[in-house]
Amino acid sequence: MRLLVVNPNISESVSRLIAEEARRAASPGTEITMVTAPYGVAYIETRFEAQIAAQAVAELVAERRHAHDAVVVAAFGDPGVPGLKEALDIPVVGMTEAALVSACLLGQRFSIVAISRRITAWYRECVAYNGLLGRLASIRSLRQPLASIGSVQADHARQLRELCLMAAEEDGADVVIVAGAPLAGLARALKGELPVPVVDGVSSAVCHAETLVRLDPGAARAGSFAPPPRKPHAGLSPTLAALLERGHG
Amino acid sequence: MRLLVVNPNISESVSRLIAEEARRAASPGTEITMVTAPYGVAYIETRFEAQIAAQAVAELVAERRHAHDAVVVAAFGDPGVPGLKEALDIPVVGMTEAALVSACLLGQRFSIVAISRRITAWYRECVAYNGLLGRLASIRSLRQPLASIGSVQADHARQLRELCLMAAEEDGADVVIVAGAPLAGLARALKGELPVPVVDGVSSAVCHAETLVRLDPGAARAGSFAPPPRKPHAGLSPTLAALLERGHG
Amino acid sequence: MRLLVVNPNISESVSRLIAEEARRAASPGTEITMVTAPYGVAYIETRFEAQIAAQAVAELVAERRHAHDAVVVAAFGDPGVPGLKEALDIPVVGMTEAALVSACLLGQRFSIVAISRRITAWYRECVAYNGLLGRLASIRSLRQPLASIGSVQADHARQLRELCLMAAEEDGADVVIVAGAPLAGLARALKGELPVPVVDGVSSAVCHAETLVRLDPGAARAGSFAPPPRKPHAGLSPTLAALLERGHG
Amino acid sequence: MRLLVVNPNISESVSRLIAEEARRAASPGTEITMVTAPYGVAYIETRFEAQIAAQAVAELVAERRHAHDAVVVAAFGDPGVPGLKEALDIPVVGMTEAALVSACLLGQRFSIVAISRRITAWYRECVAYNGLLGRLASIRSLRQPLASIGSVQADHARQLRELCLMAAEEDGADVVIVAGAPLAGLARALKGELPVPVVDGVSSAVCHAETLVRLDPGAARAGSFAPPPRKPHAGLSPTLAALLERGHG
Amino acid sequence: MRLLVVNPNISESVSRLIAEEARRAASPGTEITMVTAPYGVAYIETRFEAQIAAQAVAELVAERRHAHDAVVVAAFGDPGVPGLKEALDIPVVGMTEAALVSACLLGQRFSIVAISRRITAWYRECVAYNGLLGRLASIRSLRQPLASIGSVQADHARQLRELCLMAAEEDGADVVIVAGAPLAGLARALKGELPVPVVDGVSSAVCHAETLVRLDPGAARAGSFAPPPRKPHAGLSPTLAALLERGHG
Amino acid sequence: MRLLVVNPNISESVSRLIAEEARRAASPGTEITMVTAPYGVAYIETRFEAQIAAQAVAELVAERRHAHDAVVVAAFGDPGVPGLKEALDIPVVGMTEAALVSACLLGQRFSIVAISRRITAWYRECVAYNGLLGRLASIRSLRQPLASIGSVQADHARQLRELCLMAAEEDGADVVIVAGAPLAGLARALKGELPVPVVDGVSSAVCHAETLVRLDPGAARAGSFAPPPRKPHAGLSPTLAALLERGHG
């Protein structure tokens, strides 16, 4: 199985974290291709940055779709994921939805631990889009500015652990999700130290993508995830244009 | 007051409909600048097309933001609107949110009449994003393929009127929203013939944008609609880069 | 355009605040008629007081409806507004719904700052009636008894500002609504000092009432906001009786 | 136990139906006092009529409160009930909330059968106010104009029974509520003929009012159902004024 | 009227508290039969323990159903209640649903005070199952281990009172429910000392069970509370087998 | 990996269907142990039957827990699953939650196709318990009595296919779940014939159970899925008693 894993941000240091965790999580027969957005920002915290990233992801994935069995979009917030699910006929899994799904199988209510205060409003909207606000116990976050996006885990180790603990002890979380690609792999380090299960988005997304390929439930030719209907378009890159041309209609 | 009205689609025929309705709705002192997306599709029906359009809108608006007092994004579904509200320090009003708000002031529950079946799932998600699913009575739509996007109103006049009537008579709608820029202005024609108020997105958006400029409630420097925090970026157009550079941080 | 603005409370000092803010907000061509409830309480904090006020408003408005193009009910909680929307064929806008609608156009989640603790439960029910509980970040309020209802803004200036700040900084509010007619106009003073947009109910209601008159979406002859069906009645004032007689049936 | 039962409408024929059912339902030691609104309409179908009725009920009850242990407001929609619960220190039970509560104890989802189409929007809002929209299976109603409000049960017997059956068979109702005081007592006639439990509002309200008197849970001196705080008022009837004077503050 | 009251736990000391409160609450003509689960745990705090208790209750009740007019299941969380409502043709009332219903008639929002932290997640799910999460102000609980389940009220008197006060003063509760059979009767002691009404589950359940018997709304032969359809079964106790045999089919 | 798959019903013919599908779905290294409830009913349609099944599952699993890495409960409705997640320190996955999670990764809204009308109310409650009612498009079901539970797929092939089609075409489903263990494997047959992805509960549960074992997120020692606190118990089977003894406290 060939899995395309996309970092929607421009940070190569974060791509390395993602790729490492993806490979640790993947089944023996699964081959991981890691790609990084060629344009965009260092890490997404806002709706505006997510929208830019969505477009970068779309271009990246459109080019590589024939060579892969499934796509993982490795930024919390799942930039571009709903649209890609329409446009492609292979499974596309976002890191947020993957983590939420893992958490739902492990407990009734979950908390999310995030890397910045600003990011939390966007995360809350992502949980809402997934229809799971009723199971969200809390979102907690670091409050300091980040010195380096590639070393957040090391720089803030103690605080991240404490945020997880407070979620479990004060907020009623049955499960904690450590959110954001810069925290990829942190769950492995934390789980011995926390009294509740800890979920990582990258490994969840890799496993769930593999599952969807194995289940092979059929592609959408109707419903709201069928390919966009064919219609006049203009000015698009050849890759996106080709993607739209495959639509039914 | 200078209002920038953006058609996120490439259809000039629809831009004409939008501009006409915008000018009919605007106050005497309001000047309308109409612009059309330089790339994208003829009309948006899906999440994927909306995401492409969002990016086109962002570029268009970023270039013209200094010369205007407010922006109206004139496609149902409000592509790019949440992000633009963060990025700009002038009011940005989407056609959907504007129509929903007008409907809410006129009754308790509203229905939406749309131009295609496919578009309805996306509309429903837009209503959900606005937190108003509890007031949605129904979404009804045309079912036939559209011959020409610029003449939908004329081509399907009788059916559109019937869909509105059924919403009022069968679905419990207090108000009907005729949705989608290709239907801009239709509400004026329909209102004499319908037993409930009819709301148009373009005129609503123009009026509400004027209201926000008059209320002048202050720009966001905190909260989730403050400008994105300043951080490393790469590969963006000079316009978008400049917009991100103004962020706090 | 002739706008009837009703203070559902008996406080002339508050009527003056309302009228001043209404006139500041109105368009050049708009004429404001300010009236004060002839009976009732000094300010509404409870469901019971709101119900008394609703009746006073109904009588006041029924008498003056022919001379105006729209009605603004200028007490938070919108006493009598849903019923008046049925009974009249001109737009009726409540101060709460107007403020909520403005807030929704400015951000995703809003907080409300109120003048007393007791009032907050009623406000919460108003937000629920408007179907917007999902976008409510918090309600904060003064806790001290009010010395004089006409001078609340001056007497508690510092605290009101602090409540707004806490809503933005602690509760995740993108927008703050300063609620209650005694705070009419306060938003203008606060907006320079707060990091998020501040919304005032009176100016919002005036602008939205003007918008509804301009949009002219047609009156309800069906749906739940059509006039009450004609039927036997007894013991009503001639004004209310006349209003009910115009009902269809 | 002395129970005050109020018909918020002016129809003496309906008061007779209510009183008969109330007496059938009451415990041996319970004494029923039936009163009819001195002003208002023949039957409430709209928010505007409900507001007028609320005021009539408030006056009626305020005068008689010392002589009774509890109050039943016998019109669906519970006009004036939330306010009266604040103003009085004896239990006040509305016919809607009573029927909803009975239905909740008998099944998971309930349907409401009503006497007119127009009334259904208001009923839906009442269910929403009670926080029980999630358990509402459907609202069905007669569609014809009512010849006589006192003989609805007889005039439309077959149709009412069919509406109940359809709720059980098509809408997934575990329980059916026959709603509206003109249908008082109908549940007794129907229950042999229906495959699901049938709930009547008047008998439910009488029983639940008795229960609240027996439980004697203490009156509210805090929270949002404490008496309205004492404050300046003007122009009120001596009865209402006296009620407001007892408020704390 | 013969009421079967079941303690789903094995604690005889708690059964005594329940029986005393049930007899205090019952009408003159009502005869209470108190039974205690023959197997299970001392008190239920978890989903797993509730499931064991549900089965014990089912066996107990199945044996005694012919001799009673209604059943009260006297453990918060209502173990086995939904299933028993299907299986029996007499009313079955759980302590949680009974307390919730009483609280709903007394105010808009309620808090629950519980005997242990662990129990609160399960209580929250019970409120959700009853569709009343929107009216839940808070759940507060003791935090210490319980020395003796039969003397919780005495051992923690001051703290329980304080939790109730905090619910009223901090959480916006209009009503407080003291939850869990070990607190049966506590509401009587507390109500003089608290500023809001206090609700007890046992007395509520007894009164509401009496009401359902008096209302006699008819048994379910359709809908989701009809008896389970007859079908092959194996290995069940003769009592349960007999209960299943009466099903339609 | 050793997976224990439990059929909570007594039907060996259904156990065969489950085991076949489980083995088709399992990874090469996964070993499936299939067990069938020793007592209970032929297939669960009601809350009462589910509660009996829950207890049978608890006993079965408690005995075999040491020999397995995860448990799959293979009846729609997940009888006993929430309790088992507390009691065991290995992952427990229910067939419903597994199918819901798969569906959520494949589209925004899903429909459920079921084997009997009666079963649908219980399924709806299961979706509600999973917090996913907002994504449920519809539940459709066969209406005829079932001749043989082991041959439902063959006996009703055409109708099941049609129900799926109607969900996609009429109800707005992006994904269809064929629900109930008697339909295990049907999704494989249907997917070529349906225009939307089709999800099977058994294969989903097997894959997700494998994922949870691989993710190894840590067991709950706090939160509401920690083992039940240790406390007095009586009359339980040695197996259940041993399970409770391992609780913390």
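Letters A, B, C, D, E and F mark the chains in the order given here, with residues in each chain numbered from 1 onward.
Here, contacts are C-beta pairs under 8 Å (C-beta built on N, C-alpha and C of every residue); 3 or more make two chains touch, one makes a residue touch a chain.
Remember, predicted model here, so these are calculated numbers, not experimental data.
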Under the document's definition of touching, what chains do chain B and chain D have as common neighbours? C, F
Mind checking chain A against chain B and telling me if their interface is mostly the same residue numbers on each side, over half, or mostly different? same
What chain lies farthest away from chain F once each centre is taken as the mean of the Cα atoms? C
Report, in whole Å, the distance between the mean C-alpha point of chain D and the mean C-alpha point of chain F. 43
Whole-Å gap separating chain D and chain E, where each centre is the average of the chain's CA atoms: 27
Between the Cα centroids of chain C and chain F the separation in whole angstrom comes to 51
Multi-chain contact residues (two or more partners), chain E: 82, 85, 108-109, 121, 125, 134, 172, 174, 223-224, 226
Touching pairs - complete list by chain label: A-B, A-C, A-E, A-F, B-C, B-D, B-F, C-D, C-E, D-E, D-F, E-F
Touching chain D in the complex: which residues of chain C? 10-11, 38-43, 45-52, 54-55, 58, 80, 82-87, 116, 118, 121-122, 125, 128-129, 145, 223-224, 226, 228-229, 231-236, 240, 244, 249
Seen from chain D, its contact residues with chain E in the complex are 25, 27, 82, 85, 91, 93, 97-98, 101-102, 104-109, 130-132, 134-135, 168-169, 172-175, 187, 191-192, 194-200, 203-204, 207-208, 211-212, 214-226
Which bits of chain F are touching chain B when the two form their complex? 108-109, 134, 172, 174
Chain B contacts chain F in the complex at 120-121, 125, 133
